[in-house]
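Comments concern the structure below.
When the chains are written out, they are named A, B, C and D in that same order, and each has its own residue count from 1.
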Amino acid sequence: MATPDPTTPKSLGEKLQSLPRGILYLILVICTSVPLFFNIPVPNEPTQAAKDLFNALNSLPAGSTVLVGSDWTVSTRGETGGEFDALIRILMRKGIKFAVYTTADPQAPEVARDEIVMLSEDEKKHGGKGVERWNDWVSLGFFPNAEATANLIAADPTKAFGSKKDVKPDGTLGSALSSPVLKDIKTLTDFKMLILVTGTQTSTVTIERLSGKGLPLGMMVTGVMGPETAVYYDSRQLNGLCAGLKGVYDMETLMDGTFKGQVNFGRGKLYYPTLHFALALLIVAVIVGNVGMMISRKGKA
Amino acid sequence: MLFAQVEKTFWAEGSGSSALWLKILMAVVVGFGLTFAMLKLPARGRRTLVVGITFLAGLYWVLYYLWPQPLPGRLANGSPLPHGQPRDLVESVGFWIKDAQPVVSDFANILSSFLLGLGVFSIIRIHGRKLFRRQPDWGFSAVLFLAMIAMVIVGYVNYYQTRYTPGSSKLELPSNWGSWQFANDLLFNGLLQQMDAAMFSVIAFYILSAAYRAFRIRSVEATILLSTALIVIFSLMGIVAYEWNNAVAHIPGATTGGIAGNFSLTEIYKWINQNVQTPAIRGIDFGVGIGALAMGLRLWLSLERGGASAA
Amino acid sequence: MVLNYDTLKLTLGVIATIGLYSVLYRENKFYRFWEHIFLGLAVGYAIVALWTETLKESWWDKMVGSVPTGGEAGNPGYWAYALLLPIGLMGYFVFSRKHNWISRVPIGIILGLWAGQQVQVWWNRYGPQISSSIRPLLPNTTSSFTVPYIQNPSSGQLEQLRAQVYPSQAISNIVFVFTLLSVIAYFLFSFEAKNRLVKSMSLSGRWLLMVGFGAIFGSTVMMRFSLLIDQMYFIWMEWLTHHILGR
Amino acid sequence: MNNVSSWHGVQYQDTGWFGVVITLLLVSFILINIARAGKNQNLFIRRIAGLNAIDEAIGRATEMGRPVLMVPGLGDLNAISVQALNIFAYVSRTAARFSNPIRLCCGNAAVYTVAQEIIRDAYQQEGLADRYDQDSVRFLSDRQFAFAAAVSGLILREQAAAAFFLGEFFAESLIFAETANSVGAIQIASSTQSTQTPFFIAACDYVLIGDEFYAASAYLTRKPVLVGSLIGQDWCKISGIAMVLGGSLLITPALGIFSQKTINRTSVQGLDVPTTVAYTGVAAGEPLRPFEKHAGDMVDSYVIDSKTGEVQQKQVPVVEGEKVDVIEPRLITPADTWLQRFFQPQKNKALRVEREDDPKPKEVVYGSDPAGVALITAASNSNPCVLTATGHGLKNGDQITIYGGWGGWSVLNGTFQVTVLSPDTFSIPVDASQAGDFKNQNPTLAHEVKPATEGEVKK
């Protein structure tokens, strides 16, 4: 659109209709940073889907092994990162072993690894056990072909992960299958659950190929993917689902109810209230624009 | 334990065998030979050649779709079935098409990777000229080259060290990293990935200004766009949704299947999503799919003169 | 303030982020600097990934094969892959004024393969969509407007529920089918929309499109904002508070 | 499989002949019309707003003496990017006439190669080859956001006066659109990614929605080939409309085309239905999936009067060859299942297995699920291992090949000689005493019988 000619003085209506971007952007920065420093309570009723997911996780027996699909990277960290944190904290506290695999992005395993290490440190700092690679969790790395991988995992995890190696505490490599985490895994159902944290379409791939195999399936997706994934939750192909920032906050709220006095709140509690300010700003901006338009229309009339 | 290699055929030679290297060498030589032969090709032959090659390439997938594939020689989980052997021409062709599939699927990918050099060349030419002709902003071109060279060197050295050096497995753990790993981590994770995320998040600003400008009750369309967007946004705003849904829940029968139950914000959004958004998008995609099909046919059969199909 | 590798890494990241954000105010040298760094790194990485993520596995390894190693079967080498190299390099004739047509050979192959696939995948892609768009349009019961709510229904009851199209479902289905059809109708090009029906169809098609687009816009906003918030967190918390102020 | 014709292809088991026929039908629609168009030149195409603006945009750029920017999206080299380039060829031809500078930024090297070619041609056809500057067509980066940063930098620095964003765009679409908008460029945009279209609509002056993008070149050039194929596409869309509308009317029970239908319901894991009914007012779930069972298995059967939705339930055994449908939360009528046969790529493929002495072949079925739908339903932890397979119809000395065994039970995978113990059980010489619990490791196993001569036998 042509920028309005600056020489003619603007009426209020025109002013309201053409606020300089700079100002808008500045306000947005403020709206998205200032609330981060305050802890603003937002009433929250976790969705049934999130509750189901949390209960499924919470009822896993200690020492059992779950499979974690980590298909997110820095670019969607705002949502998936929070979900991953919540998930891993729960697993750590319940003493559940987990194997992390990726079918989306060659960088994802590294991102997941760093996140887990960071969380483990944090848990230890607050008196938790934390986890040790190889003994409590293994990184199975990146699998190029999502469909084939899902099929193979369903058919025979030992085949799927057979070639994968991971680092022992002494720094040498060992076959992931021989690790304490996977040594008892013979078939798919030896995993107690599969939780997929994803910012891409690997969700549908996984559901199509791994649901209904007697393995409980949980999913943590971005806000955009929420509605389409909810369909599978309604048809009970998913045992639980948490979507977007709301999902993160739901998980944290639920954790707070169970793990009293531990670090339960993370991105969710920080980001969710902040999100409200951002969205509110958007709505206000739209209103201002329209009011401006009406005023100037009146002016013309 | 050792596994035997599959038996040698005309196409397959034992890995590392001199026969293999010889054949590879010959293939390359012949390939380049043909290329230079093509330089001599008369103008008439050129179009025919390109059209023919294009057609053959496309023909594979069409056959793959239409030619009857023999009933599975092996199961989804890899265990073989007894009769995986062709009985007649139809089936042997079928088997051939089936076996070729994983190979052919890679072609496009490999070929376009070879073309990357052209892209890099374009960059080098543009910024190289700026740099050496000292055109305005030549400094930035220099920066670009530095960054590029650094990334290439660090990337490959790190790749080599983490793959092909003894004890490379240790490098999995940051605690054992050497300077190359740190350099790689700094350039790739510290900068490149971080800048990706930064640029991705810039969109938030643009969404704000775009919404501010576009969402005016100017026309019917704009109004529809605006109001749906607002409903959805509200349903995503925890507090609003929370209060609204509570209010709804207090309508008698709402939580037990009464009609009112459908008017919680989340349900409304879900309904729009499933009964308007989905079919609308499906409608567009259907048209786009047909368009792609038609375009595909025109390219495959080189029906358009000029443009991208063989001139 | 903790001086270590992480601080350095984060600090650089923050400066880069601010550099890229600065374009929001106006194009400036600082942005230009980071833009070119970004480009340089991206191209550099593309050159690295070209081999490490594409050619090595999908071309070289298949061409030269592999010898058996502990526990892993060896593969023979398929020499014919070597032919792809010259074919690919034909693309470089594009700059030649005389022989640029040769560059159409690899292009032709790539496009041909793509085109053939369209024919192959079309039905698998759209068949299921068509089928799942086929829905009963009229209710066969009026016992209740929406599907009655039953706590843990018996399978018999479930069948009952599923067997019946309740008015609410019928309405939704009609909306669904109408939306789909009118949108497709909107994209008919070779007809003069003289006929009133066609006209109103395609008009409503356009409006329903806008509903869909509005919904997409709205649902995307949340994600985009949370990514921005995450960046802000990265700057203010991870970097400033934790590493610089060392809290 | 001697008596199965070699023309009996797997892919036809997937989608049936229906899918193939429809596809070929659409293809012929397009080709026929292309042929038709070759003859008569004046065929109608309705007005497409965005495209009339192209010349206006270029004209404006010329007045301001500022470049025209073109971006063919981030996609690989395929029809989408080629189509974009064809439109850009038109744009650059006009620009060339006004000797207006152009900038074409590619995010993919292969696309860049074609772009060089096409744009140079465009200039040559205008007889202005000398005005063509190779660097006006550029490759920037194949990394999404690096590309985005570079393009917006370029827009701002060169103050593009007209911007064309046509092709495959993703999240970066808004970055381009808003940046171009901020320098007051006229923008004409289109993304085949319908999820990005709203952002273009919000930020751009003219947007080609979905299919209009493919219609564009026909509209601009009026080449008979293009116009013809456009008409062909319309035929395809109309047949799509017909299919959906016709199908919907067909399965609408109240219209009473089909009044009654027996449904055999089996609960298959994962396809099993929710135990509590979610709120409706939302259209009911996905289409059902045809699913096959073995003779003798008992399944719940419901007689449903689809006019009234009356349901009676009873238990019935499956008869050989009879189809069993897994019910998902939606109405089923014969027309429905009938349509599904055609439309829905079947998830389960049937595999024929014959024995030479067996005139009527026996049906063994396995699914996309590798473990498969079973013939063998139980196995003993003993040596030899005793297997249960209802009505296996084997005779002593037959060889069977078993596949799909998991975990401890992978010992069963292979070819064995059977000793028949009863019509439903037989044993094979395998020590399965350590194999663990059969049921939870192998919901099911599939096997097939081989003529006694073939293959070596594991003893």
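Quick note on the criterion: a residue touches a chain if its C-beta (ideal position, glycine included) is under 8 Å from a C-beta of that chain, and two chains touch if they have at least 3 such contacts.
Not measured: the values here are computed from a predicted model.
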By Cα-centroid distance to the whole-protein Cα centroid, the innermost chain is C
Per the definition at the top, count C-beta pairs in contact and tell me whether A-C or B-D has more. B-D
Farthest chain from chain D, going by mean C-alpha coordinates, please. A
Distance between the centres, which are taken as Cα means, of chain C and chain A, whole angstrom: 18
Can you compute the centre-to-centre distance for chain B and chain D, using the mean CA position of each chain? Integer Å is fine. 16
Hey, how far is the Cα centre of chain B from the one of chain C, in Å? 9
Cα centroid separation between chain A and chain D, in whole Å? 27
Residue numbers in chain C touching 2 or more other chains? 20, 23-24, 32, 35, 38-39, 41-43, 45-46, 72, 91, 94, 104, 107, 110-111, 114-115, 118-119, 122, 133, 146-149, 168, 172, 176-177, 180-181, 184, 187, 209, 213-214, 216-217, 219-222, 225, 227-228, 230-231
Where chain A touches two or more other chains at once, by residue number: 1, 21, 25, 28, 32, 75, 77-78, 151, 155-156, 223, 227, 231, 244, 275, 278-279, 282
Give the residues of chain D touching no fewer than two other chains, as numbers and ranges. 20, 23, 26-27, 77, 79, 82, 110, 113-114, 117, 140, 142-143, 145-146, 149, 179, 181, 194-195, 197-199, 201-202, 209-211, 215, 230, 233, 237, 240, 273, 275, 277, 279-283, 286, 328-329, 368-371
Could you please specify the touching residues of chain B with respect to chain D in the complex? 65-72, 75-77, 79-83, 87-88, 90-91, 94, 108, 111-112, 115-120, 122-123, 125-126, 129, 192, 195-196, 199-200, 202-203, 206-207, 209-211, 213-215, 225, 257, 259, 261-262, 267, 270-271, 274-275, 281, 284-288, 290-299, 303-304, 306-308, 311
Chain A residues within the chain B interface of the complex: 1, 19, 21, 24-25, 28, 32, 42-45, 47, 73-75, 77-78, 107, 110, 151-152, 155-156, 159, 165-167, 171-173, 223, 227, 230-231, 244, 246, 249, 272, 275-276, 278-283, 285-286, 288-290, 293
Please name which positions on chain B make contact with chain A in the complex. 76-78, 169-170, 172-173, 176, 189, 193-194, 196-197, 200-201, 204-205, 207-209, 211-213, 215-218, 226, 230, 233, 236-239, 242, 245, 266, 269-270, 273-274
Of all residues in chain D, which touch chain C in the complex? 14-15, 19-20, 22-23, 26-27, 43-46, 48, 77-79, 82, 110, 113-114, 116-117, 120, 134, 140-143, 145-147, 149-150, 152-153, 156-157, 179, 194-195, 197-199, 201-202, 209-212, 215, 218-219, 230-231, 233-234, 237-238, 240-241, 243-245, 247-255, 263, 265, 273, 275-277, 279-284, 286-287, 300, 302, 304, 306-311, 313, 327-332, 336, 339-340, 342-345
Could you please specify the touching residues of chain A with respect to chain C in the complex? 21-22, 25, 28-29, 32-33, 36-37, 75-79, 81, 106, 144, 163, 222-224, 226-227, 244-245, 267, 270-271, 274-275, 278-279, 282
